[in-house]
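Presented sequentially are two complexes of subunit A, the first with subunit B as partner and the second with subunit C.
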Partner chain A sequence: MTAVVAVAAYLPEGRVRIEEVAGRLGLSGMQAKIFRRYHKLGEVALDPHGGLADLLRGALRRLDGLRGQEHRVRYVLHARTFPTVVPYPHDPVGELCEEFGLGHAAVFAVGHHACASGLLAVDAAGRLLAADDDRDGLALVLTGEKAFTGEAQLVPETSFFGEGAAACLVSAAGERDRMLAYATDPRGEFDTDDQETALEFQRVYADTLAAAITAAVGRAGLAMDEVGVILPHNVNRVAWHQVCRTLGYPRERVVLDNVATTGHVFCADGFINYLTARDRGLLRQGEPYVMAAAGAGSGATFSAMVFAH
Partner chain B sequence: MMRTFVPYGAAADEVPAGWGVRRAVRLDFPGPAALAADPVHTERLRVYLTDLLRPYGLALDAAALAGAGHAYGEMAEVLIERAVPTGESVDLLVLAYSVPDIAPGRATTTRLSHVCPGTPMAFAVTDQGAAAPFTALRLIRAYAGRLPRALLLVVEQPSLPYDSGIPVDLPATSSGVALLLGPPTPGTPTTPLGRVTTGPASAAQARTALAKFAGPATGADPLAEPAAPAAVILGSALAAQAPPLPGAPRVRTAAPGRPTTGVWWELAAELSAPPAEPAPLIVADHDPLSGTLSVAAFAAATEEALAAAAAPGRA
Partner chain C sequence: MTEQDTAPSAAAADPALRDRLVDSIRELLPHVLKREVAEVTADTELMDALGLSSTTGLELVLELEERLELEISVEELGRDDFGTVGSLADYVAGNLLTEA
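Entry: the complex of A and B
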């Protein structure tokens, strides 16, 4: 059964107030004010000097569970929010794998689920290992990107992206954080620049994300009140409060600690919030928890994954 | 469409008997994408690529950007229409490519899920050069117990409006190959998928690995020990490095202008005109940048598979 063996994350020290990012992107002062007062966003993590490899390296250096286990890693999956993040055919992820003794592994990117690609990568990694009948093998899921362009800095009407990374070791047969179920709902009808469709997307956002969570929890054979915490994507507080209303789930059990201080760290949010929840003692042995994300940007994908800690 | 999964491991994850390629379609797309004619899109692409290149000290060739290149979404929609028979549905769509298209920020497969019959789960496998389609096949099989009706789309397009500073083999034209995979169905020949491997290999190691296919052998696994003489399909660079393969009755070589789709282009041709005497089929390619050798074995349609097609419920 797919399990998460180890998780590490890296956030650069640099922080930029959202008003500064908004100003650079041509947003009005009122729009920035709405993001701060209504969405409860504050600042985003940024590394003005480093590249993608520096972000991912930061997470890998903290992944103690990898030390001495490099030879067991069969696959390295970079889960992408944006399909293209480096000039072709530059390969910073491949070079980084060589640096960390993972040159023997198959290194590739999975994506097109936008910010929900991290959950896709965990499921895909577990299935690859299991299909190989490789109980000793590990897969490394890397998440995190540079906010290198306007499209990768702002989620319109929703959030600002922050820079950071996470590294997650996955096995096909572990006991530590066992994956119980995964639900995903690709909604390609939102792939349009039409304003009415954009409004419809905003209207159904919370309900559709809630439906993905309900579907995953149901598939795991659980009820929502058995879920200890939800590890969200860090888009904003309001969206998650709406999801909680739909689910009838207490909002204080959604780990929203990092929303105001990091921004939305692409596909890495769930893993960063895992560490926050663990450090706060919110993950209890045997108790189920949910990692969830909605990926938006030329189409939308709503996904949720249930684990038992 | 919401899809739910539990982790791999239950009996439901067993790949259906005889599961394999049911249909293969190959198409060239000689003209640019319709999207390339949209000035709003071109301006958006200019900004995206300029910002992408800046940290690497690279510059955009704006003249090469205008009106050029293809969009994998547009190509895929045509491939879907040709590959998925009327009335059939797809459970899983996987897009594999190397060169980015002219919509580098777009979650193209999410859109494709919307237009493909069956509203499949869909995702992309990239950044592995010519190995990406092989990894996609491995993933498709890993999901085949839950999502048996799958569509692999391997695509490439030649427009790269910047000099990356790294020598790279770009395609000569835009092209795509669709492989429709699934359990055998009555009246449709299905070519079962055998082992698929990807792994680091130097050119010399790739040559050694290929030598395994050079002569007749007796094993049941056409990859580990080729059974009957196998037909072999080689990527163009790999063919140039390969030793003679006297035991293979047919050796197809991908055209040099198809660095990612080439072997799949030849596979589509092979499957459209199967030989009188079916033989195991090997598809192999070597990605020079990552140094990855990929091999996929396809068994010719066997009596068991044909029997399964006649009685779909039987294991």
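Entry: the complex of A and C
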């Protein structure tokens, strides 16, 4: 059974108020005010002088569980919101693998689930390792991207992207944190610019994400009240309030601490929030928790993964 | 820091306050929708009849705040509250953080 062995994250020190980003992107003062008042976004982490490799390196340097285990890493997966994150022929992930003694590993990107691709990568990593039948094998899942275009800075009417990265080591078996179930609902019908479909996406967003969580929890043989915490994607607070209403799940058990201070860090949110939950003592031994995310762009994907800590 | 459920700070509104809110919403609608709006009553459907979106709806609430010099809790504002002019007035009246 797939297990997450170690997690680390990095957020650059720089913070930019959302009003400043909104102004640069041509949003009105009222639109920025809605983001702050209603969506409860405040500032985003940005590293204006660093590249993607600097973000990922920050997370890798903090991944103490990797030290001395480099030879066991068979796969390195970069989970991405955007299919292309640097121009050809740059390969920051490959270069980092050489830098961290992982040059022998198979390196590839995982995407097309947008911001839910991080969960897809953990699942894929576990499956690859299990198929190898090598109990010592490990996979490294990297998440994090640069918010360097308008599209990579703003989710219209929904969120602002921030920069940061996470790194996690996955094994095919192990005691912590064991993955109990994974549910994902790819919705290709939202791959359109049609306004009516965009409104429909808004209408079904909370219910569909809630359904993915319910499906994962059910597959794990659990009930929602057995779930200790939910580690969300940091899209905004109000979307998660709606999910909580649908689930009948207390919103104080959704780790929304970082929404106002980091923004939506692409596929890395769940792992960043994992560390916040751990530091706050919210993860208790043996207790199940859920990591969940919805991704949009060329379709939509709603995903949830249940772990036992 | 955790999320807490917030209870409305004011009970169901008095009729005079509700009327005042309905009037203000009616006056603000052309500004928010950026077009003239025909006869509007408390029963007018904001989304279905007038084409208010979730974003213009939020803009309407925040404009209302500025016009009436009130602070409105938007924590519990949901899609259903944007059903009609009257339902939005009811939400605002029931979720004031300052005395009307």
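Here are some notes:
We take it that the second predicted complex is superposed on the first by the 309 of 309 C-alpha atoms of A that agree within 3 Å, B and C clash if a C-alpha of one lies under 4 Å from a C-alpha of the other, contacts with A are read in each partner's own complex, and residues count from 1 in each chain.
Quick note on the criterion: a residue touches a chain if its C-beta (ideal position, glycine included) is under 8 Å from a C-beta of that chain, and two chains touch if they have at least 3 such contacts.
Predicted, not measured: the structure shown is a model, and the values here were computed from it.
Once the two complexes are laid over each other on the shared chain, residue contacts for A:Arg219 go to subunit B alone; subunit C is not touched.
Once chain A of one complex is fitted onto chain A of the other, the partner contacts of A:Gln242 are limited to subunit C, with no touch recorded for subunit B.
Once the two complexes are overlaid on the shared chain, A:Gln285 sits clear of subunit B and of subunit C alike. Ranking subunit B and subunit C by residues of subunit A touched puts B first. Contacts of A:Glu157 after superposition: subunit C is touched, whereas subunit B is not reached.
Contact with subunit C, but none with subunit B, is seen for A:Arg251 once the two complexes are overlaid on the shared chain.
By the touch criterion defined above, A:Gly111 lies against subunit B but remains apart from subunit C after alignment on the C-alpha atoms of chain A. By the touch criterion defined above, A:Gly295 reaches subunit B but does not reach subunit C.
Those residues of subunit B that touch subunit A in the complex are listed here as 1-9, 13, 47-48, 51-56, 58, 95, 98-100, 103-115, 119, 121-129, 131-132, 135, 138-139, 141-143, 160, 162, 164, 166, 168, 198-200, 289-290, 292.
By the touch criterion stated above, subunit A contacts subunit C in their complex at residues 30-31, 33-34, 37-38, 157, 199, 202-203, 237, 241-242, 245, 251-252, 254, 256-257. For subunit A in complex with subunit B, the residues that touch the partner chain are 1-2, 51, 78, 82-91, 93-94, 103-104, 106-114, 117, 120, 123-124, 126-128, 130-131, 146, 148-152, 172, 178-189, 191, 211-212, 215-216, 218-220, 295, 297-301. Contacts from subunit C toward subunit A in the complex involve residues 1-5, 53-55, 58-59, 62-63, 74-75, 77-79.
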